[in-house]
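Each of the two complexes below includes chain A, the first together with chain B, the second together with chain C.
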Partner chain A sequence: MKNLTLTRIDDRLIHGQVVAFWMKEYSIDKILIIDDTLSKDMFMSRIYKAAAPAGVEVLLLDREEGLAFLKQEPTEKEGIFLIVKVPERIEELVNAGIEIPRVILGGMGARNDRKTFNRNVSASKSEIECFSRILAKGTHIVYQMIPSDKPIPIQNFIE
Partner chain B sequence: MSILQAVFVALLYYLCNSTWGLGVGWWTLMRPLVSGFLTGIILGDPTTGAVVGAQINVLYLGWIGAGGALPSDIALAGVVGTALAITGGVDANTAMALAVPVGLLGSIIWVTKMTLNTGYVRLAEKYAEKGDTKNFWIADTLLPQLMLFLFSFIPCFILVYFGASHIQTVLQFLGDKVVNVLSIIGGMLPAVGIALTLKSIFKGQSIIFFFLGFLLVQYFHLNSIAVGFLSLVITIVYMQINYMINPVKASTDPALATAKTEKKAFVLLDKRTIRRSWFNWIMFNQSNYNYERMQGTGFCRAMLPVINKLYPKDPEKRAERMKLQMQFFNTEPQWGACIVGLTAAFEEKKAQGAEDISDEMITSTKTGLMGPLAGIGDTIDGGVITPLLLSLFIGITGTTGNLAGPIGYIIVEAAFMWSIYWMSYKLGYEKGSEAILNFLESGRINQLILGASILGCMVLGSLVGNFVKLNVGINIPVGGDQIFNIQTQLFDAILPGILPLLLTLGCYWLLKKGWTSVQVILLLTAVGLAGGLLGILA
Partner chain C sequence: MLKIIVITHGTFSEGIRSSLEMILGKQEEFLTYSILENCDLESVKSELNDELEKSSASGQEVLFLSDLFFGTPFNLITPLMEHHRFFHITGINLPLVMEIVSNRNAEDIPGMLQESLSLGQSAMLDCVDYLKSAMGSRKEDY
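Let's look at the complex of A and B:
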């Protein structure tokens, strides 16, 4: 099974906080995005690949391919940054036996079915339930925009 | 300080954070090099203002406020630090030590604003509901800016007016010894700023050029302008050699080319509408920046001229378009301007009856592009170009206060940002999404980042010797009347500036190890305090 250097929930995927802060803090050479819609969108795939910093490979996979990739043997010195848009993707991976010790909650934009959760995170009822189920599996979820922010366990917002 | 002066200084602080900076306030007014200089003009001493502002700015060289995350209010640090330095008659280093806590305190204003601004989104929704493009600005600009004005003006006025009248008394009460310690601490702090910038620019091959910049100043005593030009030549040569070894290949694979839609610009929209949309974007993209929608209402504001032009007599249609265009949006305003242009083109085509442009397609393109362009924009503008230009012009300002520093910085920085705003918007509107993609894939961006990183590293290295101050004050008696001064007879004799260099590299190492900048600042404060009181540091 692959080792994940960082795991983040962020619906803007690869953006300023990710590129200008997180990627500087950790040595990352692969960004793995698991998203069924995006993986089929040729235009957006090319945008994400072109927008990644030099020397960083972007893998845009659907759920099945993503899981298959994470189940492969790890290679030495591989730094993988998993980014997904919604907590459900994390839950599926955890349920499939992928080890994710810690998830960083970055941003989830406001939508009609979502309520503001904390600052730049909005979540629907079912998403909050999903957070709880992930927590119950022993995976930590912390709210943290950039590395210098203090990580706040999301239990603080749920309970 | 007169009440009137304090009013102007507080007004300046509001302007730094406000929406009225013609799209470049964030990049110019907000930087202590500029705000310190302007504070100096208000207080009748622009030279001291520039010197103090430059010193404070070294700490915030690598400061990026990405995605609404803002660790320190650099505008407040610059304005208040400079005002206290001028009225209190303290040196730039002491002003620096006073400015840092003020900057940390100021970030509360930012978080409060981002939180409360969400309330104006509700009002903006009401205007959108009615298709009211005329009064939308009340929710997007007037009210949030009025609130920001109160939140900025009042605390800054109090800090500056009462701080200035008491600073002398406080300094006298503290005594020379404590003020001296403050000065030692303030002299060390720029090392943190340089180290932070190194962490964001330093990538593999550019690292060595930092030392070259340092040596050029320490051994050859070149001035900043000479360092700048020499660095430019060396960078170009390096890039040419690099290009010979690894020619840049566009990653475009023709087999992957997405279906091209024939797109014509300026069918229903005219140049005037497009210019107004562009202007609204650069001016108001963050006038109601908030945690819920980020630049959502700002984006809608930029679309208003387009929506008005396309549906002048149809309030229901306007309402539909406004509601769509004020959804969550957040990008880097300069590089992300192409998304605004692209959306204007989508709206134009949609009004012509293009069936392939659905609302879902507009939203998914907007939200798809905003992240990647923010990543590129933050890396280039905040991470490379601004630290590079700041380093260069802080060097020119120097410790003597050459006013060409702040003035030159404003001109070059603003010109760069406006060019990106305009070229990006035009690319999006006239050429469309395929052109944006081709530009991203051309490899030119990585070339720009590499070149600017190398240049930035060299210029940054040249700042160490002049802006980081660390001197050992130990004298060893060596028989008779003779003493051996460790600083002048050991360090200065071998490599002048070695201690500032080591201090900077030490901070860099700690940051790399995961220390936060605040922790490193606290450590330096403790070291300065102990070293200063014991007389080890001078």
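Let's look at the complex of A and C:
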């Protein structure tokens, strides 16, 4: 099973300076995005891969491929940054046996079915229940935009 | 005339327009989109698509200006590349936008944009360092 250096929930995926800040703090050579829709968008996949910083590979996989990738043996000196849009992707991986000790929640945009908790995080009832189930399995989830921010355990603000 | 569409986080786009117009006067074919937190991105995407269709029908070139590489505005613009042809510069500053606006009727748009980009980049300076070294031998004054 691969080791995850960083795991993030952010529906903006690789966006602007935010990812750059995180990559400065950790040694990352692979950004793994698990998203069914994006993995099938040939055009945007090429754009995301092209935008990868030097020395970093961007992998855009669907759920099945993502799980298969993470089940592989780790490579030496590999640094994987997993980014998904919603907590359900994390729960699926945890339930399939992938070890994810810590998840950083960065952003989930406002939507009709979502309640807004702060300017970056909105979540629906089922997403909140999903978070609770992930927490119950022992994974720590904190809200933190950039590394210099104080991480806030999501229990503090997601009811 | 080159159509210019500025898209940024928050109201930076409107701010840049206001500063620009203070110096260079009111601008035509200059659109701004301020992407706020609760923005309906789908409707912005649809409007941008319409603008591109309109311009393409009349043979007008379009330039997008955005603020951050892979920021939300940037990500609104990039997928449009699949079906439309346009120019797009990100990381904009006022000197860059002024230079482009002053030369928007240029024959060679790609060339003009290249030069403007260069100028925009060299417009950023550490002022104290620059002036100190420009003042050179007059050390006793400083």
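Here are a few things to note about the model shown:
Simple rule for what comes next: the second predicted complex is superposed on the first by the 156 of 159 C-alpha atoms of A that agree within 3 Å, B and C clash if a C-alpha of one lies under 4 Å from a C-alpha of the other, contacts with A are read in each partner's own complex, and residues count from 1 in each chain.
Everything that follows uses one rule, which is that a residue touches a chain if its C-beta (ideal position, glycine included) is under 8 Å from a C-beta of that chain, and two chains touch if they have at least 3 such contacts.
Keep in mind it's a predicted model, so treat the numbers as computed, not measured.
Overlap between chain B and chain C is detected when the two structures are superposed via chain A. When the two complexes are overlaid on their common chain A, residue A:G79 makes contact with neither chain B nor chain C. Contact with both chain B and chain C is seen for A:F43 once the two complexes are overlaid on the shared chain.
In the superposition on chain A, contact is made by A:K24 with chain B only, not with chain C. In the superposition on chain A, A:P151 contacts neither chain B nor chain C. Contact comparison for chain A: of chain B and chain C, B touches the greater number of residues.
Once the two structures sit on top of each other via chain A, chain C runs into chain B at 422-430, and not at any other stretch of 188-196, 206-214 or 422-430. Judged by the document's definition of touching, chain A residues 12, 14-17, 19, 43-44, 47, 51, 110, 119 lie at the interface with chain B and also at the interface with chain C.
Those residues of chain A that touch chain C in the complex are listed here as 12, 14-17, 19, 43-44, 47, 51, 110, 119. By the touch criterion stated above, chain B contacts chain A in their complex at residues 64, 66-69, 71, 114-115, 118, 199-200, 251, 256, 258, 291-294, 327-328, 330-332, 367-379, 382-383, 433, 436-437, 440-441, 446, 449-450, 514, 516-518. Of all residues in chain A, only 11-21, 24-25, 38, 41-44, 46-54, 107, 109-111, 116, 119-120, 122, 145-146, 148-149 touch chain B in the complex they form.
Interface residues of chain C facing chain A in the complex, by the touch rule stated above, are 37-38, 68-72, 74-75, 78-79, 81-82.
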